[in-house]
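Look at the two complexes coming up: chain A is in both, with chain B in one and chain C in the other.
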Partner chain A sequence: MDTVTINQPAAAAIFDLLKQFITEVIGEEFAEEMDIRPSSSFTKDLEMDSIEIVAFSEKVKAHFGAHIDFTGWLSGMDLDQLINLNLNDIIHYIQQCR
Partner chain B sequence: MPVIQVNGKKVHIQELNKGAAETVVMIHGMFSNLSVYYFNIAPVLARRFHVVLYDLKSHGMSERAADGYDLDSMTGDLRALMDVLGLDKVHLVGYSFGALIGLKMAMHFPGRIHGLAMIEGPDPADDRTRGFMDAYNRDSLEHYFNTTKVRIGRRQLERSHRMYEFLFSQTSIKKDMLAERDLFADARLTALAHQPLLIYGNRSDCLEAGYFLKDHIPGAVLVEIGGDHDLPVQAPEQVAAVLMRFLVGETMTV
Partner chain C sequence: MSKFLFVVPPFFGHLSPTLSIGAGLIARGHEVTWLGIVPVDEAHLPEGGVFMVPEAALKGHRAEIERILKRQDDGPSLSQPEVMKLALEETYVPIARMMMPGLEQFMDEWQPDVVVNDCITFAGALAAYKKGIPCATTTPVPPDVMGDTAGNAPKIFEWLQKLIRDLQHSVGIEEEGVFIHSRKLNIVFTSAAFAGFGNPEPHMQFVGPVQGRPNHSPFDWERLSGATTPKIFVSLGTLLVDIRKEFFTRLIEAFRDEPVTIIAATDPAVLEEWPDNFIVQGFVPQAALMPHMDAVICHGGFNTVNDTFMNGLPMLITPIAYDHFHTASLIEKAGCGLKIRYRRMRAADMRNAVWRLLKEPRFREAAAAVRETFMAAGGSARAIELLENFVMEATPKLMDA
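This part shows the complex of A and B:
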C-alpha cells in the first residue's frame, strides 16, 4: 500500500477552501448552523444533495483545474462511497495529486 | 455554475470533453436533475464523446417555469439548447421522462439526432406517475425518503418538498402529462428511422414499456440489467458500458 504523507498546514488550507465552497453552495445561513469539519460527510453530516455536490465539484475543478481529475476520481466510486465521502477524503486526494 | 439562456429561461448545463468530434446529450427524468449522470455515467462516455448534461426547467439548478412540461415544449427546449450550443446533430440518451423527450425528438426531428438510447422510458398511458402527483403530500415524501438508502435531513426534505409543491400546484405539469397519454400509439413510433437502444431494469415497473417498444420499433434492441426504475443509480457502471458500446457502434454508421 502506498504511504501518503499529509502536509498538515497545506491540509488546513485546503479544508478552509473546501469549507468556503460548501458555504457558497448551501448558503451562509445553513453553513453557520452546520459544524463543518474535515470528518464531515457530504450527505449524512452536511445534508447536501447530489446537485449541490455537483455545484461543489465544479468549484473544486475550477480552482484546481488541470492538476486534478476530480470528476474522474468521483466516477470510480459507487453509491455507498459517494454517500460516505467526507472532506478528508478530498483533502487527501488533492494532496496526492500535487 | 455554467448557466445559458434558452428560450428566455436560464438553463444549468455541464459539458465534459468539449473538444470531441461527436456529442452526446443526456436528458434526466422528472423530479430528478443532471446529477443522475454527472458522477458515474457521463465521465465514462466523456472518454470518447463531448457530453452535454442539462437540468430540465424547474429541476436542479435551472430556472422555474409555470408551463411547458409537455413533450413538444420539452423537445422545443432541447432543440433550442442545441442551437445555442451550436450542435446540429447529436446522440441522445434519456432516462425515464427524459427517455420520452428523446423518443419524441426521434419521432419529430429525426434529422437532429444520430441515434437514441432510452433508459427506463415509461408508458405515458400508465397512470402511476399521475397517481403519485395526485396523492402527493409532505408526509408521503418523508415516508419515501425514510425507505430509501439515503436518509435525508430537514433542509433537503424542505428543498424537495418545495420543488414538488411548486411543480404540482403552480405549474401545468399534471395537465401536460395527461396530454401525452397516446405517445406509444403514434404511428411515427413504428416508422422510426433510428434503431434505439432500450435499457431497462429486470425488476422495473416500466419493463413492460420496454417490451412494447422493442416489439413496435423496428430494429430496437432491449438490454435488461439487474435493478428497478432507479437503474442509473443502482448499476451506473453497467449502464455506462452498455451505452458506450451502443454509441461507439453508432459512430461507425454516422
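This part shows the complex of A and C:
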C-alpha cells in the first residue's frame, strides 16, 4: 500500500496547485481579492463562468492526465450540484481518479 | 384582415421587437393587441395598437409580480446555474401560471385569429394550445442558449422537462409533449449564420433585426455633432438597474482622459458627476443614434446587439448574466467584437479593447459581414409576410372572406 500513498499527492498539495490554476484563469488581481479555500465554490464564491471553468479544467487535465474526465464528470450533475461544487469536490475527484 | 394577439413578458427587450412587427401589421390593416402583466408606456405603442393588462385576474398576484421583477436585480450577482433557476423556476413558470386565467378569458372575448407568444412567455402558447388557436412564437435572442442539455447535461434536461410538464399539468394540459413554443412558426430576430444554426428546422425562421416601433426620445444632436473624437455608444439596456453605478464608475475611470466621446444611455442621476466627454441620457433614440457611432460597449442585451451590427459597428461586450455569455461567444466567433466579462472588467483592459476595435479594421469588417447576414434575413417585412402567410394557412376560411 506504500506505493499508493506515495503516488497520491496530499490534498493540501492538490489544493495549492488548483489555487494556482484558478489564479492563472481569472487573473492575479481578481484572485488576490478572493479568499480561495478548499470550501470555496466555483460559481458562487469564485464567480467563475463556464468558460473560465472549462479553461480551469484544461489545466487540471494537462497536469494530472487526460484520464481526468472533468467535463464528463460535470455533465452528470444537476443545477444544485453545480451551484455548490467546491474545490474540495475536485480534490476528491482527482484523488479518486488516480 | 386578421386579429393578432401578442403575449409578452414584463421585460422591454422581449417586448420591443414585437412592437416593431406589430406596427407593421397595423399599417397593413390588421388588428393587434398585446397582453402582458405590467402596463407599458403609451409612447412605445404603435398608433392603433392596444396593450391589455388583465387587471381583475391579476389582482391577487400584484405583490408576487413586484417581487419577481425586483428579484431580477439579483441576476448579476448570481452564478450561471443559479440564474437558470431564477429564470425558469422563479420567473417564467410563475408568470405563465399567473397569466393563464386572464389571458384565456381575454381570448374567449376577443377571439384572436393568431396568438404570437414571446419565447419566455409560455402562457401564450399554452392558452393557444388549449383553445385550438394557431400560435407562432417570437424569439428575440439567439436560440439554444443552454446548448444540447439532453446530450451533455441529462440531469439539467430532466429538470427542465419536469418544470414544463408540471406547468402544463397545472394549467390543464394532460397530453404528453412540450407546448410552450410553437412548432409551426418561430420567428427569430437574428440571422441563422450569426446564431450558429447551419441547418435550422423549417419552423425556425431567422428574420434578423426588425425595426419600426416608435421612439420619440429627444436628443441633443447639436452637442453630438460638435464632438470630434471617436464616438462610443454605451448601453446596459433597461434591466440591471442596481449595477449601473458600479458599471459607469468603471467606464469613467477607463475613458475620462481618453480622446473619445462616450454616449451613455442611462439615467444621469446614477452618478453625481460626469466627465465633459460623456453625453448621458436616460432613454435615447438608439436606432437613430447608431449610424453616428464608431463602436459600442454593452452587456449583450439583444436589441443593442442587433442595432450595433445592423450598422456594422464593432462591439466590446461585457456579459453580466442570463444569455449574455452565449451572445458574447457568438460575437467572439464572428470576430466582430471583443469580450470582457463584467466581473473581470478592469479600466485598462476596457481602454485597450476599445482602441483595438477602433484601430484594427478586421473588427469592423467582421461586423459588416454580420450586417450582410442580417440584411439578407429580411427583417420586419419578412416577419410580417411570415405571419400573414401563417394566418392564411392556419385559418383557410379567411381566404374566402
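Rule of thumb we're sticking to: the second predicted complex is superposed on the first by the 88 of 98 C-alpha atoms of A that agree within 3 Å, B and C clash if a C-alpha of one lies under 4 Å from a C-alpha of the other, contacts with A are read in each partner's own complex, and residues count from 1 in each chain.
Note that in this section contacts are C-beta pairs under 8 Å (C-beta built on N, C-alpha and C of every residue); 3 or more make two chains touch, one makes a residue touch a chain.
None of the values given here were measured: they were computed from a predicted structure.
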Fit or clash between chain C and chain B when superposed on chain A: clash
Output check: A:58 vs chain B and chain C. Expected answer is one of first, second, both, neither. What do you get? first
Check the residue A:66 against both partner chains and state whether it touches chain B (first), chain C (second), both, or neither. neither
Now for A:29: first (chain B), second (chain C), both, or neither, which partner does it touch? second
Who does A:44 touch here: chain B (first), chain C (second), both, or neither? both
In the overlay, one of 99-107, 261-269 or 315-323 from chain C clashes with chain B and the rest don't. Which one? 315-323
Chain A residues where the chain B and chain C footprints coincide 26, 30, 43-44, 47, 49-51, 75, 77-79, 82-83
Taking the touch rule as given, give the residues of chain B at its contact with chain A in the complex, in rising order. 1-2, 14, 16, 33-36, 38-40, 43-44, 55, 60-61, 149-156, 159-160, 233-234, 236
Going by the contact rule at the top, pick out the chain A residues touching chain B in the complex. 26, 30, 43-44, 47, 49-51, 53-55, 57-58, 71-72, 74-75, 77-79, 82-83
Name, in rising order, each residue of chain C that touches chain A in their complex. 79-82, 84-85, 152-156, 159, 319, 325, 329, 341, 343-344, 346
Within the complex, which stretch of chain A touches chain C? 26-27, 29-30, 43-44, 47, 49-51, 75-83
